[in-house]
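Look at the two complexes coming up: chain A is in both, with chain B in one and chain C in the other.
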Partner chain A sequence: MYGRGLRTLSITTVAVMAIALGLVFFYAPLEAEQGFLQKIFYVHVPLAIVALCGFVAGGLMAIQHLRTRDPRWDMRSYVAIHMSLIFAVATLITGSIWAKGSWGHWWVWSEPTLVSFLIVFLLYATYQPLRFAIEDPERQGRYASVFAILAGAFVPLNFLAVRLSTEYLHPRVLGSSSNLPAKMQLTFLVSLLGIALLYLTLCKYELTAKHTRAQLRALRRRLAGESVEGAAPRGRSAAPHLALSPSASASTPRSA
Partner chain B sequence: MLAIAPALPLHEAGKYVAGAYVVLFAIVLIYVAIMAVRLSRIERELGDLLKRSERSTEAQSPPPERESTLA
Partner chain C sequence: MRRTVAALLRKELLVELRTLESVPGMSLFAVTTFVVFHFALNQNSVSGDEAAGILWVTLLFAAMLGVNRLFVADQDQGGFDAFLLAPVDRSAMLLAKALALLAYLIVLELVAVPAFGLLLLGPSLSQALPDLLVVLLLADLGIAVIGTLVAALAVRTRARDLLGALLALPLLVPVVIGGARATSPLLGLTHAASPPIRWLLTLGLYDLVFGLIAYAVFDFLLED
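Coming up: the complex of A and B.
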């Protein structure tokens, strides 16, 4: 179910990322102020944008979960936030490397963009422990969705607050103050597309793996003669319990 | 003051740029490695289930009748 189109998506991701790398190193001109160091921008900024959009998407999926009570939306929200956290770690590391090269410091506490991103990251770092702390799968999903919605709403507010702040050490990429030349803009957009596709591909891989595990568990129960419907996973887990789709259940042979 | 720092020369900036791109690829590689471990676990579990289902099929099917095979 989740694996459909995964091959095409993976190939497209690799192709777009290869094109993006080619554009970054052989097409985009050197920036006048920062020189070669500015090449980090093509990986750091798309990572940050995709991570933040992923957090917001996780919140939107959580709304769907609360509306429909369908555990598949909880799973999608969980995977979106989980993957965004990984991308956020990459953003923080690449940002620190850039800061060291550009400003001579790994971290600048007076910089609102850096600190606000760290706050968002730390906020979402509590998502997994929150899930793990709740044993009942139904309650776990509900509480996690409420958290994802509130935190998801915090992300754009936080972004706006930083934009409105006066201190502007951090270079602006998007908006009226951005003055990227056409070649740099194209390279940036292709890099952004590549990173977004990477995010989607990894999410799809994760969802496919989780769905396959759920099917395997259901098959094991069926062979053991246990009931599959509504059965909770064994042991405590932060990951949501994925209910099998009717088609998946129907396609699995029943044993007495 | 930090913003007007002069650009680093290529030989010095190169290590930072390489570092940033290596981080991205390391994260993807680590993820692929984790997926490979998960895949092998799924494969092992599927093998176990297959064996179990074969055993239960053998146990359920009646033993072959000797007379009919001799005749």
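Coming up: the complex of A and C.
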């Protein structure tokens, strides 16, 4: 059920990413001060924006989970935060490279966005250990949702506090997309779209994989003559599991 | 609601008074940390940014000790079950625990701040005191709210001592930023008139936002 439209989405993502990279390397003009190095901007900034939106979206899905008690929302929230964490690592790495290239240091405390990002990353890095430390799946989902809401609200507040605390020592080369030349702006927007699509595609893949694995496990247990009820994975897991009812898995045995 | 909170708060403070589990430990920890800072930094007196940093790091880590102990008795000795059996609003638990933690923090600061003035601080403490109290109170509110919420999240997990600190520290970074930046001009060698208003506003906003969120989500932590 999660696999529907996955191929179209994947192809669109690859196409948009290809166009974005083409624009980055052949269309966007070289920046006067930084030259070629500035091109990392088209990867770094979209990654950061998408990761932050993913964190906040994870919080919104967690609200949905607490309201409806539907474990599928917990799964979506988990996948959104999980994927955002990966994007956040990529953001920190590309940001570091950019800082090294333009300011000569791998890490600069005077760049408020980067510092806020590190704090947000450190907070969300505890999401998986928190889940892993709770055994009961229902309580795991509930507590994880409470955390996701708290952390989702923390994201904007933290950015405010860190931004206030920093005097701009370094000139901000590219603060927002509004003061960019038109060609750069177009390239940036297409890159942003590409990265956002990449995020969505990867989330969909993870959801599909998790769902398929749950179906497979339910089927295996049926074959072995065990009870399918719940069909929880053996051992502890940080990831939520979808409790498939036997009828749902029986009616679509090969759909995945 | 008010009577429930009062009863719960009374129970908290009574338990603390009889067992003396948290507050003496927190205070002793803070004073010891000042000694550690003296040797680690190899300085006899500090001022300005450095003083604010030492004060806030010490207060934060001492607060962590209290946060980690906050719900342990309820978890181990069935306090949660008893509370859930009572036909009362569950948010009362949040309020009572946050107020208890706030009280612990205030007592901690009654010991730690004078000790800091005595042991490490170069400039006189008395000139900074009125403004410092405002900053401390605003920050304490934030620490109490976040600390209570995080303690409730962490106490029923397998790695509760670890998770409490891991969750709380990043969440409290804005409090440290606001607290330290507002305090450092107060503890400078040339005394400034008042702490920058924007830091007080940041701390106030933090308290407000997380107070509301904690109120909204706390019930979900107490369902079983």
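Remarks
The rule we apply is simple: the second predicted complex is superposed on the first by the 227 of 256 C-alpha atoms of A that agree within 3 Å, B and C clash if a C-alpha of one lies under 4 Å from a C-alpha of the other, contacts with A are read in each partner's own complex, and residues count from 1 in each chain.
Everything that follows uses one rule, which is that contacts are C-beta pairs under 8 Å (C-beta built on N, C-alpha and C of every residue); 3 or more make two chains touch, one makes a residue touch a chain.
The structure displayed is predicted, hence computed values, not measured ones.
Within the superposed three-chain model, A:Gln64 lies out of touch with both chain B and chain C [touch as defined at top]. Applying the stated contact rule after C-alpha superposition, one finds that A:Phe154 touches chain C and leaves chain B untouched.
By the touch criterion defined above, A:Thr12 reaches neither chain B nor chain C. Looking at the shared chain after the overlay, A:Ser102 reaches chain B, while chain C stays out of its contact range.
By the document's definition of touching, of the two partners only chain C reaches A:Leu122; chain B does not.
Looking at the shared chain after the overlay, A:Leu223 reaches chain B, while chain C stays out of its contact range.
In the superposed pair of complexes, A:Leu47 makes contact with chain B only, with no contact to chain C. Touch criterion met: A:Thr94 reaches chain B, while chain C stays clear of it.
The interface of chain A with chain B does not overlap its interface with chain C at any residue.
Every residue of chain B that touches chain A in the complex is listed here, in rising order: 2-3, 5, 7-10, 12-14, 16-17, 19-21, 23-24, 27-28, 31, 35, 38-39, 42, 45-46, 49, 52-53, 56. Only residues 149, 153-154, 156-160, 162-163, 166-167, 169-171, 173-174, 177-178, 181, 198-199, 202, 205-206, 209-210, 213-214, 216-217, 220-221, 223-224 of chain C touch chain A when the two sit together in their complex. Interface residues of chain A, counted against chain C in their complex, comprise 66, 119-120, 122-123, 126, 129-130, 133-136, 138-139, 142-143, 145-147, 149-151, 153-154, 157-158, 160-162, 164-165. Residues of chain A touching chain B in their complex: 31-37, 39-40, 43-44, 47, 86, 89-90, 93-94, 97-98, 100-105, 108, 169, 198, 202, 205, 209, 212-213, 216, 219-220, 223, 255.
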